[in-house]
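Several structures are given next for inspection.
Shared between the two complexes below is subunit A, which has subunit B as its partner in the first and subunit C in the second.
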Partner chain A sequence: MNVLSLLGRNLRHGPYTEPFPFGPAPTAERFRGRVVFDATTCEGCKICERVCPAGAIKFSKTKDGLAFALWHNSCVFCGNCEFHCPTGSVHQTTDWHLAHAQARKYALVELGLLPNQICSACGATALATAPSLRGVTPPLSPEETVTLKSMCPKCRAKFLKARRAKP
Partner chain B sequence: MTTAVTETYTIPVGPLHVALEEPMYFRIDVHGETVARVDINAGHVHRGIEYLTTKRTMLQNVVLTERICSLCSNSHPETFAMAAERIAGIEIPERAALLRVVAAEVKRIASNLFNVALLAHLVGYETLFMHVMQVREIAQDIKETVFGNRMDLGAICIGGVRYDLDEKTTGFLVGSLDRLVPEIEAIVQTYRTNGSILGRTRDVGVLTREQAIACGVVGPVARASGVAYDVRAVAPYAAYDRLPLEVHVLTDGDVWSRAMIRLAEALTAIDLVRACLRDLPDGPTRLAETPDIPPGQAIAKSEAPRGELIYYLKTNDEPRPERVKWRVPTFMNWDALRFMLAGAKLADIAIIVNSIDPCVSCTER
Partner chain C sequence: MLLARNLKQIAARSPWLYRINSGSCNGCDVELATTACIPRYDVERLGCQYCGSPRHADIVLITGPLNRRVKNAVLRLWEEIPDPKVTVAVGVCPISGGIFRESYAVCAPVDQYLPIDVNVPGCPPRPQAIIEGVAQAIEIWRTRL
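Our next item is the complex of A and B:
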């Protein structure tokens, strides 16, 4: 490597650094950035809370249902939650624009709520979690999924048992 | 005492900014500008991670061990997972074994180039330093594109790997490696011929073969002193037994030899990744279910960029391990600094310390 030829090459190429924030900064598609949570597909299994090594994810029971909170200031962006999530409800985006003023440090929280609902079969109050569809054969139709989702866990079990019993 | 001025002075080197910006404290007695005696004082960045691992579940520990150190951040969870898999008697799928090699070797390229770049910086050859760092940036881009992060790959899970290669990422990986090879070859040529580099690194910080064996040094430090010890060859793990691995050995044991070993291993790492991509079979990348680790104990070892990394894992009926203990390569290598620094010039201390590629955050965890 000749330093003069290197110099010429670098002169032709220009700066190697990204001009951010005055220009775009390309981000890889697989970049592990800000986490988003989708309550509509969440089964409420809480595996993300258990595998989170930073303790950034907390589920808490409220009067409205089961609240999900992910603190981005505790998060280490390891992606363990997304990796272990059976439904893909926890997902890392490519958004890395997380710099913020100190005053906003409590605002960088991803919130979600699995609301309470009245069971369409028995009338009991239960969480409106997405029904677990793994291992259900034959697969549920969209209508059946909606019906199942409107039920409490006990009625869901009854529904699936009755479905299995059908010839 | 008014007449005899003592000929020996004691000077502190560190704890900050010896070579890397990592704390390591040396108390050095000098005669004139020649090192007479070295005291190494450790423990400035003890973070208690070994204790923390016993407070985390096995699945959390895969992430925690990755954060012990950023430069060997793939070797730690890989070896931890290997120990867990040994306890549970798990065989990882073939595709997973090869993907583990890909992750490990990409990390090795970046880590070795980083150390070689720092050598140029310490020699005072800033142009070369920045050029090597720019070449390393190709490896950094591979990590970001394929794994999603520039340092912590998140590639490992117990029972396999977390990532997979598709057509797009494979294409990017192959293209990047093709760009890396001529760049690294040119860097090798520079380190082989440049007067500034040779003048500051040849016959500096010599560790003889006997001293290397006495200290039990590992990794490129051992191989530069004529000890052909590479865990990938003597105790193959993942897919290394079926890959064309070349173990590089030099006999001079000086700073230059250690740098040349690292550059040669970066090139070998590229060959290994290419061989993996060629042989990569279809199939699962991990076990279908997250495995439970039964009570037991196991030892696993791997070749981190700095040398042999050993993990001891003891599990019981709890989801948390009872004990995790690791021995990192720098722990073995930094003791040899006493021999390397003996008789060295004061100005060479930083170069010699850097030549063992010290990773203090691993060693003091």
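Our next item is the complex of A and C:
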């Protein structure tokens, strides 16, 4: 009887083998896969470069601004960068389709650029990083965030100081 | 005779896999064993089977950052595999050195010493990613026959 019930269960369940190369593969929701970078929300703190155990992340100064580069062939998918990123601009996706031919080895890079901008208050050249909003009370309105983003770090500090002193 | 020759061309050949551990932490090796031994992944659906001797192999899977100590053994083993062969680097260690990069004890990346054809990054790569890499390797292998 035991064998018959087992047989029945297996017939009902179907094959246990995943159809993967011929069909889709199930992926966990929180799977730690390919890392992506969003330059619009990056604060430019470079903490991801500092905590990366494999040295896969590299920031470099260029004439256009601060360039971000992450080589997927060096990344160990530990998630340290995502864990330490204050804004979530570096995060891991569930994409794991990274197998590639040797010719594409050095093309598997995630690139981003924090461009230079002219400060809207003083006219100095500074990086267009996202403003750090932690500990700012009351929270900034969207218009204030845009104004703050267009300033250099010194003018941002002045702006926030003036805002604290206002009420 | 002609029929036999035609049959040889039509036949979907089955490449055999061979695994070289060049100083790996065994993470990737466990995933390689998983792809072969666990029915859920089952790399044998692609016609691949692990073999114990390098002389029977068609596709070589290299794991590990190529330790200085095993370097000569790995190179000698790789030479013993008959052509045409396809070399697959499994995990970030053979590809770039991963977290062991720039260590005095490792000779990574492996492509300084051996011609690599397919890279499967991951630390370790998941079994499906390895199957994906093996599928790419089989395509390359078919063109070399």
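The rule is short, and it goes like this: the second predicted complex is superposed on the first by the 152 of 167 C-alpha atoms of A that agree within 3 Å, B and C clash if a C-alpha of one lies under 4 Å from a C-alpha of the other, contacts with A are read in each partner's own complex, and residues count from 1 in each chain.
In this section, a contact is a pair of C-beta atoms (placed from the backbone, for glycine too) under 8 Å apart; a residue touches a chain by one contact, two chains touch by 3 or more.
Predicted, not measured: the structure shown is a model, and the values here were computed from it.
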{"item": "Fit or clash - subunit C, subunit B, common subunit A", "value": "fit"}
{"item": "Superposed model, angle subtended at subunit A by subunit C and subunit B (C-alpha, nearest 10 degrees)", "value": "50"}
{"item": "Partner chain in contact with A:A101 - subunit B first, subunit C second, else both or neither", "value": "second"}
{"item": "Touching partner for A:Y16 - first (subunit B), second (subunit C), both, neither", "value": "both"}
{"item": "Contacts of A:R30 with subunit B and subunit C, given as first, second, both or neither", "value": "first"}
{"item": "Partner chain(s) touched by A:C155 [first = subunit B, second = subunit C, both, neither]", "value": "neither"}
{"item": "Partner chain(s) touched by A:H84 [first = subunit B, second = subunit C, both, neither]", "value": "first"}
{"item": "Touching partner for A:L6 - first (subunit B), second (subunit C), both, neither", "value": "first"}
{"item": "Subunit B versus subunit C as contact partner of A:P53, first or second or both or neither", "value": "both"}
{"item": "Partner chain(s) touched by A:N73 [first = subunit B, second = subunit C, both, neither]", "value": "second"}
{"item": "Minimum Cα separation, subunit C to subunit B, after superposition on A (Å)", "value": "5"}
{"item": "Subunit C-contacting residues of subunit A that also contact subunit B", "value": "16, 53, 76-78"}
{"item": "Touch list for subunit A against partner subunit B, complex", "value": "1, 3, 6, 16, 28-32, 50-53, 76-80, 83-84, 92"}
{"item": "Footprint of subunit C on subunit A - complex, ascending", "value": "16-18, 20-21, 25, 53-55, 71-78, 96-102, 105, 108"}
{"item": "Subunit B to subunit A touching residues, read off their complex", "value": "56-57, 59-64, 66-67, 127, 131, 134, 137, 141, 144-149, 152, 154, 157, 162-163, 169, 186-187, 189-190, 290"}
{"item": "Complex contacts: residues of subunit C adjacent to subunit A", "value": "39-42, 45-46, 92, 95-99, 101, 111, 115-123, 125-126, 128-133, 135-136, 140"}
